[in-house]
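Below is one structure. I have some questions about it.
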Amino acid sequence: MFSLTVCDHIMIAHSFRGEEFGPAQRLHGATYAVEAEFHAEKLDHLQLLIDIGLAKTVLRKLLDTVDYSNLDDNPALTGINTTTEYMAFHIHGLLAAACRDGTLGVAGQKLAGLKVLLREAPTAWAAFEGPIG
Amino acid sequence: MFSLTVCDHIMIAHSFRGEEFGPAQRLHGATYAVEAEFHAEKLDHLQLLIDIGLAKTVLRKLLDTVDYSNLDDNPALTGINTTTEYMAFHIHGLLAAACRDGTLGVAGQKLAGLKVLLREAPTAWAAFEGPIG
Amino acid sequence: MFSLTVCDHIMIAHSFRGEEFGPAQRLHGATYAVEAEFHAEKLDHLQLLIDIGLAKTVLRKLLDTVDYSNLDDNPALTGINTTTEYMAFHIHGLLAAACRDGTLGVAGQKLAGLKVLLREAPTAWAAFEGPIG
Amino acid sequence: MFSLTVCDHIMIAHSFRGEEFGPAQRLHGATYAVEAEFHAEKLDHLQLLIDIGLAKTVLRKLLDTVDYSNLDDNPALTGINTTTEYMAFHIHGLLAAACRDGTLGVAGQKLAGLKVLLREAPTAWAAFEGPIG
Amino acid sequence: MFSLTVCDHIMIAHSFRGEEFGPAQRLHGATYAVEAEFHAEKLDHLQLLIDIGLAKTVLRKLLDTVDYSNLDDNPALTGINTTTEYMAFHIHGLLAAACRDGTLGVAGQKLAGLKVLLREAPTAWAAFEGPIG
Amino acid sequence: MFSLTVCDHIMIAHSFRGEEFGPAQRLHGATYAVEAEFHAEKLDHLQLLIDIGLAKTVLRKLLDTVDYSNLDDNPALTGINTTTEYMAFHIHGLLAAACRDGTLGVAGQKLAGLKVLLREAPTAWAAFEGPIG
């Protein structure tokens, strides 16, 4: 199995509901370093898993929907605790949809899987891995 | 599949038996940067894989049983070469037991898997991954 | 010259005023990985620059005044753009005061200098370095 | 499952054919930080997955066949775009062969799998994972 | 003293002349992770050392003059061994000129200093630090 | 000012005397990731600050005098608390002596300064910087 990973980051504000969160119930924020890992059984005739330039551009465009914002105000995230693990799932959903609809080319539609990992701090990170559709 | 990882570290002394180990047969030591990666199929209603604060506290408590010590003198490790791969397995065992007995809450008992990775140096690390029980 | 560095991190929300900031004028947030670097000409009789455990505890306490909060609502930061470079200066001020008043012991009062560095993202960081008083 | 990873790096020149590559069609180069991850179900009686010193030596020897060279001139890579994902596959092939033929000892012949990951830049990397033969 | 650092990277081919270089006399290449560190005594009224977005854009433009190329063919580098330390000096020169001529704004013309650091591998890097003119 | 840095690491056991050290009074150990940073005003005619291959070899040889050992048993360190800051100073002394006596060539004798930094854990490190003689 081949994998190719590209990285970017976002800087967001948010707050959590639930006593379990302690001080994180207050409005605070995070830099999420984002790693998008594409999986494929084969490379194409150019020895590419996916167009890496295109992957970076598409990832950037999708991240722009949440970057430099307060997630508490995002209609797509209403009533949801935007934990690191949930945001990995959310961004996985956006990127998987882009793969399915051909935005990342034919290779993007044939991916064996996709993993999105978000680093919230030097000592903690979360990920969601699954098929693209 | 979701994953959540928390990190900590320990600083231990030990020595190895067996000519294969060369100079590492002498008493020496290591900083092990420890990464505990929890796996789950689902998040709970708060969008949490596991209580991250609790996970850090429990991991710290378990690491205290070996931190700042000479592993050669540890009764639980008598006659065992405490290689990085073995120590990953050992800490996995401690953490898996804590998951099974409810120390990490109900979510900890439903984990799909657990991986413990120990970085011994910038250029070498080892891990053990398996179910919690 | 000797130096000793300890690390921690904070997760804050904030917004900036000024067209120069573009999308960062919106309420967003950041994880700041904080590195506090203490400078001294000499070590003490125990070969310590400063008590590292104490340094970590004091740094943590000072960071708690801004951690998990919206800097826009902090009275000590009213009307100030809390850029990464400014926050490095702000935390330097808090830590330098603790050094001067003996909170970090006698060694803390004799420091040759102090540098506070904040990493806001994998590709950007800022620092302030200066004497402690 | 156990894993053990050792790291090294190579510095190569190459160029790509295909409009998709844009400016990377020009002769350029890369530092590939190489991570070789060995997988095994069990450790041996010494608690070793594999002889780590031997693994580093063998990896170094195999990397020497491409290190400090122009991949465009390498007979083993004629007519092939030496993308990061392809080079991960190529080095996986060399290392898997060394495992099969006993160069890494008996433990090397019993490996459950092998993953080779190449970091081409702080924001991009690729890997190939598969059985040793 | 304040500092602000932004990062980028380039991928180049080159070769060295001189027996001291051993196998590096052959055409090979490198990924240089580039860190540009700007120094200033004061922040402006917006609490900025320099416009970070502008700094990233200008750095990118300057790096484009060498990125994805064979340095052996660069007229500005004819007859020069493009070692990591020399390339740090070369990029420092380009960036310092941009600071002097106002490309980075008024703040760029008042910088107290500039450091350019190039990481050639996980285990080696070089830098040049000096005034901007 | 130019700088060139090479890295290596050592794995040692030791214990500390003094109540201030708490649990670190017990025999334990550390991986020290070692960074040796050489400073020079000028590069030579080959555009080298120092022979990097030679620097790595000499550093390795010097580190061998403490690597894979219990520092408590080292005659050169008798009665000394081998804190990270002290060990940075100790290795600085060894490397500065090698520079002075010509082991690193003529360039090594003309260095403007030398910094040795030891990372003991992901969250703590220490350094000593000074002239070579």
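In order of appearance the chains are A, B, C, D, E and F, and numbering begins at 1 in each one.
Following the convention adopted for this analysis, contacts are C-beta pairs under 8 Å (C-beta built on N, C-alpha and C of every residue); 3 or more make two chains touch, one makes a residue touch a chain.
Here the structure is a predicted model, which is why all the values come from computation and not from measurement.
Graph distance from chain B to chain C, where chains that touch are one step apart, equals 2. The chain with its C-alpha centre at the largest distance from the centre of chain D is C. Looking for a copy of the A-D interface in A-C, D-E or A-B, one arrives at A-B, which has over half of the same contact pairs by residue number. Under half of the residue numbers found at the chain E and chain F interface occur in both copies, marking it as a different-residue contact.
For the two copies, chain A and chain B, the CA superposition rotation is 120 degrees, given to the nearest 5. Centroid to centroid, with C-alpha atoms defining each point, chain B and chain F lie 30 Å apart.
Centre-to-centre separation of chain A and chain F, using mean CA positions: 41 Å. Chain C and chain E, compared by their mean Cα positions, are separated by 27 Å. The set of chain B residues that touch two or more partner chains comprises 7, 122-123. The touching residues of chain E, counted against chain C in their complex, run 1-8, 43, 46-49, 51-53, 56. Every residue of chain A that touches chain B in the complex is listed here, in rising order: 16-18, 20-22, 80-86, 88-89, 122-130.
Interface of chain F with chain B (complex): residues 7, 9, 11-14, 23-24, 26-31, 33, 67-70, 120-123.
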